[in-house]
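After this come two complexes, each holding chain A, first together with chain B and then together with chain C.
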Partner chain A sequence: MASMEKRLQKELQAMTKDPPPGVQVDQESCSRVMNEWIVDLEGATGTLYEAEKFQLQFKFGSKYPFDSPQVTFLGPNIPIHPHVYSNGHICLSILTEDWSPALSVQSVCLSIVSMLSSCTEKKRPPDNAIYVKTCSKNPKKTRWWYHDDTV
Partner chain B sequence: MGNCFQSQNSDDISLLRGSDAPDNGHGQEPLPQPVGPPPPYQEAEVVPVYHPSPNVSRPASQLTEEEQIKIAQRLGLIHHLPMGVYDGTSKKAKECVICMCEFTFGDTLRFLPCMHAYHKDCIDDWLMRSFTCPSCMEPVDAALLSTYETS
Partner chain C sequence: MAEGDISFDPNRNYDDETLSLQREIEKEIAENQELIGPMQPIEELIEHYAKEDQIYRHKLMDLRKRHSHIRKVRGDGNCFFRGFGFAYLESLLTDEAEFARFKDIAVKSKDNLVALGYSQFTIEDFHDTFMDVVGQVEKKVSVDELQNVFNDQGISDYFVVYLRLIVSGHLQKESDFYSSFIEGGRTAKEFCSQEVEPMGKESDHIHIIALATALGTCVLVEYMDRSGEICNQLVFPEEGARPAVHLLYRPGHYDIVYSLTSD
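This part shows the complex of A and B:
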């Protein structure tokens, strides 16, 4: 859909020109396919994840921005965090039921960075083992239970 | 209201038939099938797709009764939201956050009760999924009803 591509172009421009601190779009990934981005994240200084490097994958459907993007951690370093499963899935309400088309790649990255920054203890979600074994590949198909607003 | 179902103009067909008429009766060999009934409509019937909630797409034929009512109510309420044409005088609204494009002269805008403005086509598409303002997450129907009560 043309309007979706146009918006993604605008977002890419903004992310390249004025990226949030510790966030960088992998330009090469976007040039291959416009609807799949890789974003490099760096843990903020003074937090449990300081100097750690992470990768996020964004997949945009044809109904973006009306439908939320599919966002997961990727690669060898998946942050150990109570809302991040070992397969990279993230339990974050703005990625499903609290999504709004006014949100963007930039605001999603900021939310994830702040989710990591506010963490006080590095641990996996309590149901990690069973979730990773039974979940769908697409985290948007999970019926997330947002039980903890503090982190 | 009343213009939800725009009637198709059927004049083109009658004009085509009319131009055939003078040829008859001039001794010309009639065509093998002069004026038969039109061939049965071949195209697969297009069922409109609705979004009872964001990230959920369902053809109209598979909506529950509750969802049908919800969508009918939304359609009705959307028509009560004020519209306008962008004339450049508003200093506040400059960009539609849904498509991330700046408003240009002559764009049709829609205004929500919270005073946020969007391109009509952009916001109507979202309101059919979720009856909230993308910018402030204010439920539009509650705000709409309270303006009725106070005025």
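This part shows the complex of A and C:
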């Protein structure tokens, strides 16, 4: 369906024109393949991740925006956070169960920034070791348990 | 093998298996039921229930006193929204005054949502398609053509998303009123992002009341379950006018029904 490409074009425009604070799309990545983006992220001031730089990878399937994008942290610096696994997978309900087509790359980035900002202790999820060993490459194939929204 | 003899194989990916099974079930449903099915006499439904199933057969005979036809809707968690959408637009094909009133609300609804903080371009995307479908009604297409529009998954799902957004917007705007009906101590916003906006999330009374109220219309639901002798009829909102849409509810699912008198 062409609606996916049309939608991604609009999203890219919005992200370029009006990016959330500390968030920047890697334009070069989107010009290579439209359905795979790299987004640069910087930890917000006054939080545990202040001035740290991270990279997110977005992969969009043909059913986007009806299916959620596949979103993972990438590269050398994976934030140490109770909802982020060391392989970059993120446990965030809007990326699977609570995804809605009215959400966007922008709103996903905002949720991830706010998830990092509200963190009070840098640590990995308790099941990190076993999860990273047994999980599928695609985090959307994990049936997550969203146990704690307050972290 | 003894019951409860559960083994765990660490080399198997259980999540993968569960998800692929889920996909298979969804595919099977999609192959057997159109998004919006054809109109059928209620009698045909009676044949689906075994002779021994006296409760349902009895209730269908009761339903038959008020409704002549049924139009089945695919059971994909969006059946209330899709069924309502089709039945309401179908009724508007023959009611110009009501159409004009509805169109006015539909046009203005976008600004309400943007004012609530939804991003303009996602809302616009869905609103444009929504208004395209509304435009079909204005052109007075035939019922069959309207059915084709609703069976085009791309358009149909966009329409459903927008109806979900209307409900979400209404619940958040009127959160003082609705908060006491929201379960689990959630805020209206949390409830909307978990139970209203995601596709495939099933609808409850609160969704129906919110949609009917937001559009200023009225919905009648015939409840058919295993308790009692006859179908219970509920009208949403309670003090509403003549219902524009009639739905049949069987546990977990809504279909469209047509009343004997109105057509």
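The working rule: the second predicted complex is superposed on the first by the 151 of 151 C-alpha atoms of A that agree within 3 Å, B and C clash if a C-alpha of one lies under 4 Å from a C-alpha of the other, contacts with A are read in each partner's own complex, and residues count from 1 in each chain.
Methods note: contacts are C-beta pairs under 8 Å (C-beta built on N, C-alpha and C of every residue); 3 or more make two chains touch, one makes a residue touch a chain.
None of the values given here were measured: they were computed from a predicted structure.
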Three-chain arrangement built on chain A, chain B and chain C clash or fit: clash
First (chain B), second (chain C), both or neither touched by A:R7: both
Touched partner set for A:T142, first chain B, second chain C, both or neither: second
First, second, both or neither for A:W99, with chain B first and chain C second: both
First (chain B), second (chain C), both or neither touched by A:Q55: neither
Which of chain B and chain C A:T134 touches, first, second, both or neither: second
First (chain B), second (chain C), both or neither touched by A:S107: second
Contacts of A:T72 with chain B and chain C, given as first, second, both or neither: neither
Stretch of chain C penetrating chain B in the combined three-chain arrangement, among 74-82, 92-100 or 182-190: 74-82
Where chain A meets both chain C and chain B, residue numbers: 3, 7, 10-11, 65-66, 97-102, 104
Chain C-facing residues of chain A, complex: 1, 3, 7, 10-11, 13-14, 65-66, 93-94, 97-104, 106-107, 134, 136, 141-143
Complex contacts: residues of chain C adjacent to chain A: 10, 13, 15-16, 18-19, 118-119, 121-123, 125-126, 154, 157-158, 161, 164-165, 193-194, 197-199
Chain B-facing residues of chain A, complex: 3, 6-7, 10-11, 63, 65-68, 96-102, 104, 140
Footprint of chain A on chain B - complex, ascending: 51, 53-55, 57, 97-101, 122, 125-126, 129-130, 132, 134-135, 137
